[in-house]
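Look for chain A in each of the two complexes below; its partner is chain B in the first and chain C in the second.
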Partner chain A sequence: MATFVDRYPEEASVVKASLVVSFVALGIGALFGLVQALHRTGYFRVIDSVDYYTVLTGHGVLLALVFTIFFLVGLFTWAVVQSLERPLPDIRLTWAWFGLTTTGAVFVAVAILAGFVPSIDMSADVLYTFYAPLQAHPLFYVGLAMFIVGTWLAGADWFLAYRDWRGDNPDERIPLQTFMVLTTMLMWYLSTIGVAVSTVFFLIPWSFGIVETVNPLLTRTLFWFFGHPVVYFWLMPAYLMWYTVMPKLAGGRLFSDPLARVVFVLFLLLSTPVGIHHQYLDPGIAEGFKFIAMTNTMFLLLPSLLTAFTVVASVEHGARQRGGEGYIKWLGALPWRDPAFTGMALAGALFAAGGFSGMINAGMNINYLIHNTLWVPGHFHLTVGTAVALTMMAGSYWLVPQLTGKRLYSRPIGLLQVVLWFVGMVFMSNAMHRAGLVGIPRRTAEPQYQSFDFSAVIGTVGELRAQIALGGFLLFVSVVLFLFNLLLSAFEEPIENPVDDSLPAPLSGASGSPVVLDNLRLWTAIAIVLVILAYTLPLASIVGDAGLFGNVPGVPVWVSANAEVTIEALTEVIA
Partner chain B sequence: MEIHDYEKFWLGAALLLIVGFIATVSYGAVGAGVEMIDDDGGTVDPQALGDHPKFGDPGVYQSGPNEYDVYVVAQQFAFRPGTAEPIRVPAHSTVTFHVTSADVIHGFEVVGTNANTMAIPGQVATFTVEVDGPKTYGLLCNEYCGSAHHAMEGSMEVVPEDEFNATGGA
Partner chain C sequence: MNISRAGLLVLVAFSIPVAVELRVLFGFFGVDLPLAAVVVFEAVFLLAIAVVYNLGAEPKSATKH
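Take a look at the complex of A and B:
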């Protein structure tokens, strides 16, 4: 059978275009990551500490939003088309959402990068979380809104494709990959309401000066309404590949289709009513609401723990099909020379570690010790930075040949690349976790202070810094190898079957599972009820405190750029 | 729906783990009395902190025989008190912090302890800690607050009881 690009050439073009945007963002974001790792550890400094926050904002936004989400829209387009086995209903709509999303991302990037050029009166050094009343240039918020609306239209595109398919197949179960895409998008529609309301109704008018003030706790809470579910928006493409692609790469098939559906339904239900767990330390939110968010968060462990079981069981099945035996020895029968498989397996292994540090974050009392310390980026570099990013890179080695009809330039380089990522991340994230435990803060250009030192519990702070710098360097090298491997692949000649793109049916198929699992209306309704229960009272209380539009004026980051003077003045005060 | 025996076992173990976590956190709050940052600090007008009876003159106020209130204003890029002069409290006392911000969102972290809160303009974060023997602690802002965020630091000195003088109010 011909590969994806031969069957659906127009869709393949959109997927390819999405991945190109994604990988450009990955390249720039990775460079910024290297600059930060070397700067804050003091090994090599190419920028002023004031510009560190421009780099940090660029790193966060380009990697966490642009790289991940453009990969997601590409992957989901591929998944919907190939699992429904039909082209998208109207390719013009597809290009329209791609255009809108890309324009939005470019606006955001321009607003951020302009921060490097003092002569341009523009900056968006507000970090990935853009907490008001720090105020970015309006272009940042406008680009963000366009980007979000673009993803909404992409979802509409996939739902329309599903509707057409349903018309032709009234009694069939939703194909698993499409089911995963649709439940993920329902979660996304629900959760982006928070950031869309915050951006469109409050931040855009405020950044243009139409309204004077803002309610910082309100926009912050709306951010986290979206800011935790977006974590699952990053993760779901990785899950889609772990469930449907990885077992095949391992030589087997998915263990259980019904449980995969249960997992995605649980994510739809539980992803959104948990955002307040990022606000355990915020005044103005009563302890009871925090407790509700904590309880939901703990139950959200369930789908990830179920995934751990199903994915490992599927991979083990694959190994045994390949002749693997014994309790542990079957691991040796897996295709460790295949970069796509090895990358995903290593990503899964580090995700387990990230899951454990996430449980610490979720515990509302022990969270006090690590809140806003380096522990937190240590945690999410294991989850989004490895589970998601490494799975996306590894998956590309299998996916991109289907989109281009060309073989991968080098599998050994691919293998080296995924292993380097794993090793780099082990150095960097373990050091970050340990640094967090002794109180070293995140998000700072100068973690050394005038009047006190940090003391490491085991080892030294110097050793932790060395590990972070080394890890950051290896991660950067890994991205460079990844991008070059793909770039050189583009110059290969097209061949008949560049990759085996068939996906075997699961061991336990969908037919044995209750039909109610496919009732998307029901799950959406329950998800909405849970959100209303978790958020109505805290939001009412926050609005009651200071009103919808608040009483705090903006502090534009591009006007108060005279930070050198401020620092000097401050140093005198301290001295 | 076919659920494999091992799958059922795993599901049960996962639920047990989750319920266990919720139980330990609940015990921490009720049994061990780990107090959360709550909404009981109330609100304040961030543009008129100068008129506030306590935030207008932030510092350490004695509130009982061995109890003290510390009012702290965080502002780009210093703590008052904390940065220009240390926060000074007597050893072996009960100290309630009241922290707010005059401009943007800041963090307030006594390094190496769980005295850690967000300082949000318009909101007052209130929390109580038991202070041990004399020691100097570092104090830092752990939420990005602008271009000189990394310079926002201070200290908290726990001094022997007989060397202590309250700085705030009369």
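Take a look at the complex of A and C:
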């Protein structure tokens, strides 16, 4: 039986191209991560401290947006094509969205990396959270807009494929992987309205000088309108693999198709009306709205807990099919030699820890304890940095052979790589969480202060720094192993079946789930109503207080080239 | 108990979060565990699973057939 590349060669080329962009971003972003870890812990400072923020922005944008989302568009293309069992309707549209998204990403990367060259009058050290008043070069915002529109077109491509399939199969249930893709994209369309409005109507005109001032709280709120759901945009590809690929790798079948559908519907409904929980300490938003955001956020725990149950049940079923017995001993029957399985399992284990620290972030009162401390990067390195990134890397060991028709260069190196990521992340994120609890700030090149020392409750701050540096180093080595393993795989000889790519039917199939779950119009309408309820009054209040365009001139981040302008602007903002 | 080589690697990995949080666990009970104690704990754990792994390993000749 032929694999994906033999059945759909044109689609395989697009998926491969998407993964190449994704992995290039991963390599650069990982190098920046190492530089940061060694710089702020004081072990090795190879860059000027001003450039730390260029590195930090590059790390955040290249990994959180480019690596994850290019992997997502590749994976979703694969998932739609193979689950609908038909090619995409027009491959020219597919290449068009790939080209637009890639050009946007290149613009963004150029604007950020130019910050290293003082002679170029361009910089975008605005961090991954690119709201005002920090102002980037217009190229950064234009690139972001192109990138977002590219993802919209990708979604349109998948919806068109689904429409064609529906025409031929009017009475069938939506295949599970396509259902996951479509619900995720509906959530994405809804949530990216915030960042699109912010970028197109406020940030681009402001960066070009067409509009002189900006309302920072409005751009912050619109950013987080998108900035929290984007977390689920990263996470849903991981969920897709945990639900549909991991049970197969474990030797079993998905425990429940209906539960998987419920989870994706819940994410469509609940992902967007929660963004204000990132703004608990922002003045200008009433406490009541923050409380509503907190309540909505706590509801989001439900789909994650359902996922934990369903995925673990599916994996246990697989282990028992392989001869596993007992309450705990079945764990030993799992295919730990397979880097794809082990990586996903370890990613899931650390995601549980990230979920618990996320509850601290989401709680309005205890959030004050850790707000803007190193706890927060500790948290999201467990979620996007492990649950998502490690699942994507592990999934690549199973997915890439289907796209190339070549076997993986080395499974043992793959296994070492995923384990190394787990160990490195345990060291780094554990220390970050603990450092955050004693008040050590995030986003700081040199977190040392005169006449003040942070005091760890258990152990010393020096030990925490050592853990962060060691963890960062292990993570970088892990990425290098991953990239070389895939690169060397490209030189393997093509074979007919490089990997078993069949996906078994779930134990409890779609026929057992209510038909209403497939009513995408209904869920989208409810999701829109929830967003209107959560955001109308806060946004009206923010605009009422300071106007659409506010009164803040902004702070251009051309630090080296425009020091005087920056200082002048800063003085004005502070005044 | 038989442990595969891959299982051994995963067990070693899982011992790391236990070790780095050991002092926090003891801290809940008011015991201030020194860093050296954590290092010793990890070393003893690694030794123990190495022994279990070796005891469960099949003789080399048996793997050829």
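FYI, the second predicted complex is superposed on the first by the 558 of 575 C-alpha atoms of A that agree within 3 Å, B and C clash if a C-alpha of one lies under 4 Å from a C-alpha of the other, contacts with A are read in each partner's own complex, and residues count from 1 in each chain.
As a convention for this text, contacts are C-beta pairs under 8 Å (C-beta built on N, C-alpha and C of every residue); 3 or more make two chains touch, one makes a residue touch a chain.
No experiment lies behind these values; they were computed from the predicted model shown.
When both complexes are overlaid on chain A, chain B and chain C end up sitting side by side without clashing. In the superposed model, A:Arg220 lies in contact with chain B only, and not with chain C.
Between the C-alpha centres of chain B and chain C, as viewed from that of chain A after superposition on chain A, lies an angle of 90 degrees, to the nearest 10. In the superposition on chain A, contact of A:Ser511 is made with neither chain B nor chain C. Annotation for chain A, partner touching more residues between chain B and chain C: B. Of the two partner chains placed by the overlay, only chain B lies in contact with A:Val552; chain C stays clear of it.
Touch criterion not met for A:Asn497: it reaches neither chain B nor chain C. Applying the stated contact rule after C-alpha superposition, one finds that A:Ala445 touches chain B and leaves chain C untouched. Within the superposed three-chain model, A:Glu287 lies in touch with chain B and out of touch with chain C [touch as defined at top]. Contact with neither chain B nor chain C is seen for A:Thr536 once the two complexes are overlaid on the shared chain.
By the document's definition of touching, neither partner reaches A:Asn519: not chain B, not chain C.
Smallest inter-chain Cα distance, chain B versus chain C, after superposition on the shared chain: 19 Å. With the contact threshold set out at the top, not one residue of chain A is in contact with chain B in one structure and with chain C in the other.
By the touch criterion stated above, chain A contacts chain B in their complex at residues 49-50, 52-53, 56, 125, 127, 131, 133-134, 215-217, 220, 255-256, 258-259, 279-287, 290-291, 294-295, 298-299, 301-302, 305-306, 309-310, 313, 359, 362-366, 368-369, 371-373, 438-439, 441-447, 449-455, 508, 512-514, 541, 545-546, 550-553, 555, 557, 560-561, 563, 566-567, 570-571, 573-574.
Chain C makes touch with chain A in their complex at residues 1-7, 9-10, 12-13, 16-17, 20-21, 23-24, 27, 32, 35. Every residue of chain A that touches chain C in the complex is listed here, in rising order: 332, 336-337, 342, 346, 353, 415-416, 419, 422-423, 426-427, 430, 434, 457-459, 463, 467.
On the side of chain B, the complex with chain A involves touching residues 1-4, 6-7, 10-11, 14-15, 17-18, 21-22, 24-25, 28-29, 34, 36-39, 41, 43, 45-47, 76-78, 83-84, 99, 103-105, 107, 109, 111-114, 116-118, 120-126, 136-138, 140-151, 153-155.
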